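Have a look at this one before I ask anything.
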């Protein structure tokens, strides 16, 4: 309903309850694709589950605790991108994202993350943005690497995804690095 | 941050905590202008009061109870427009609105209300939209009259505005009237 | 248990949890009679539902938000009469009422409403009392008409009653009209 | 507003927020008289305190937890009488009461307590009613003694009243004793 | 996990969620033994019920409202002992306790209660400790009698235990009696 | 009140409200010493603040979310040691600790942490324990290094301590490493 245009094909907007049907459908047909990295899929069984999640995130946004966005490619919901946590005590925004399989490889997420980094450093007094990716999720790790984040360590077995534990690479971008890097590809 | 374009100069978007400073400033410099019709001005004394109000409305939107929008004219916040109550039990949306004095007379509100009537009948299963205006507020009453609403009665002394009581004209637009009228000026 | 005598046959009292069985029985045997005008009948399926409703109304009375009364005719619970909302911001009391079919036509409700108008203007600083009746509910409309209320308008499709929408006549009695009219029939 | 008549001069009713002013005034002019036995006087400093207390008790009555009554003698509020706790788990009602000094010695409390014992055994499935009195409060102890209660023990230092501790006589009346005694003086 | 040693075989500690399995097992195999005096057995049907109870008591301890302890004999959970209520308004601690049948007759409870009386008078400004025992529960009554409590009365039918009502002996120990008696057997 | 003995001079126990005075005094006289690494000192201004903190942690322990322990050296409260977060979703316990300056250099914390690692792996199904230390806090880092933790990375500017940001070394010990290392110094 309300958007921020990135280019002719691409726009983002706050995730709204009105998108629940479409977001659920995207999730549902990408279960196999997403299952390697996202631990919460089994809790989303019907559109109402997605709607409850969106309502919660919208309230957290109202309180300045998070910001959950939907990505639209040629007017279709293609994925999501979120500050899952805005840690104002320490001035850190924690970014996460996923795309439907059919939208991978089009540069959608790199452009979207870059826009949302701008939004983050502009709208809140953040001093750092972090992205945590599973070590083996090379496509996900490519995003912070392209955007000038620094790899700060590999935290072992930090996330349980179904029956296995994953090691995570921690990427960080400081505010001054962001200001220096402002003209990233 | 996220918008819906109406024309080159005019866009609307969900009211966000980030707009609190600008919305408070608009309210504050229009106190005299708004005082004739709006009873809540004395409860808004600082930007934080506006922010709390916006946070509440955003949470009510998340729950499907209301939708509070900001109107931007040439990128400046010019006024607000809201479904103050979405009465799903009876299928009725209650619209209210105000503009800063400097933005009156440019057709801003008529265009915005028309857009928001579309949003209302599209996003929720409403059967009617109501607008209540003070009998003496001729500029406000002109909007529903231009947009095909029917004047259904004059409810006496229904709103206390500071030390006086105001009679209100109740305007209503039924879904089928909306569908017939779709090509209003 | 605790009453206010109106005449030898008629008394009213705050609705108490102790009346739940009798009030449910009255509701239950009048379902057909009441169904034309009251939208909530399907939510009352057992005495416990009536009890929960009474408990809620008693708490709202404690907070000054409403006053729900039971009407006793020859010691039997004959109907109810309530300030469903006491809008202290605007000084308005909203009255509603219903009788079991066997008690209609005895003048019970006119006498009871007159008493409760007295109670309303005496106990709270109200400036107006409103009664909203379905346009087609002529027996209900006869009460405010007999008691000097003014018909202020017909609000279209304002209440969903099962599968249809009803237009409502809005009746209002201002405090000064009440003081002038004090010796109504 | 709503009463239960005991005799021509005496009636009781649920304590209502509307009585707060008069109940506070009674409390306030009897502080010295009541101070010997009631520990809560210092928490009641203005009518609003009494009103909050009444609101709480009315909500507890709605939930079946207590019943707080006002006693009216020749239309003046003379004292209070309450089931301070209705212990439904064990079927026990705990009664307490006080009168303004000017109303003592007229038989008001004995008649009122007898009525309220009836109400208690009639309205709830109680198997026992208890009254706890300070050992030295002979006027208070006279009531259960006149009404057939049994003295079951003297619990030492069970209540702190300002800077001293009081021993309490525990009086009990079983349901079958009540049924036998039904024609008490 | 954390203990207070009483003698080589006996120690007590705050009841912790980690003990839920063992406490439930003790309860479960002593149902017949405990049923004569404890009214709550039917609400404990699985270890999770015991765990919820322990969690609640630990939170009440955090707030200074109660203290629930587990008794360990030769490292096995043998029973429980609790200040079920710490009434700080009146300075009274209410003690209760039970042992598994296999642990009765070894002096466990007398030693434990004596220790917990010390803890009570030391940790909070109590002026009195009370123990209420069913009149017929001679083993339970033996404890306060051995420890210098005074029998203050027999309150009739004060506890419903399944389908019957029990009379309770009320035992009390004042702080100065405790200080005098400090070298009890 | 309830302890776990580590050696003749050293014991640990759940932090209890009863320790608030002593824990506040320890905190208060070590403000300068602790200020380099602990961000929360300014929020602790009186014993009541420490008590509220302990009450909160005890409730979180009751819910299995954390475990806050006090360390006693020769019966004096010497420091604290806590699972600040028990992340059961991912099976990770997050350990933190501090000592009063006068207790540093006696091996107190190494022994205590080793005991608490045992408690953690024994009481909950954890697969990993993590300790995060400021890079410059060499004394703090020495503990996980002595106890076989692996340094998994240096997360930049992850904690705001008064006006500066600190980089943190993340140390991790997996359950199987713990089982292998069981005979650490």
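Should a chain be cited, it is by its letter among A, B, C, D, E and F, assigned in written order, with residues numbered from 1 in that chain.
We take it that a residue touches a chain if its C-beta (ideal position, glycine included) is under 8 Å from a C-beta of that chain, and two chains touch if they have at least 3 such contacts.
Here the structure is a predicted model, which means the values were calculated and not measured.
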Shared chain contacts [chain A and chain C, defined touch]: B
Chain B to chain E, fewest steps along touching chains: 3
Each chain counted as touching chain E and chain F at once: none
Chain copies touching (chain D, chain E) - same or different residues, decided at half shared: same
Pair sharing more residue contacts (C-beta pairs) when C-D is set against A-F: A-F
Length of the line joining the C-alpha centres of chain B and chain F, rounded to whole Å: 54
Separation of chain A from chain D, taking each centre as the mean of its C-alpha atoms, in whole Å: 64
Length of the line joining the C-alpha centres of chain A and chain B, rounded to whole Å: 33
Contacts with 2+ other chains: residues of chain E: none
Touch-based graph of the chains, sorted into line, ring, star, complete or other: ring
Direction chain F, origin chain A - full chain order round the ring: A, F, E, D, C, B
Touching residues on chain D, where the partner in the complex is chain E: 89-92, 127-128, 150, 152-160, 165, 170, 172, 174
Contacting residues of chain D [partner chain C, same complex]: 1-4, 12-14, 17-18, 54-55, 58-59, 61-64, 119, 123
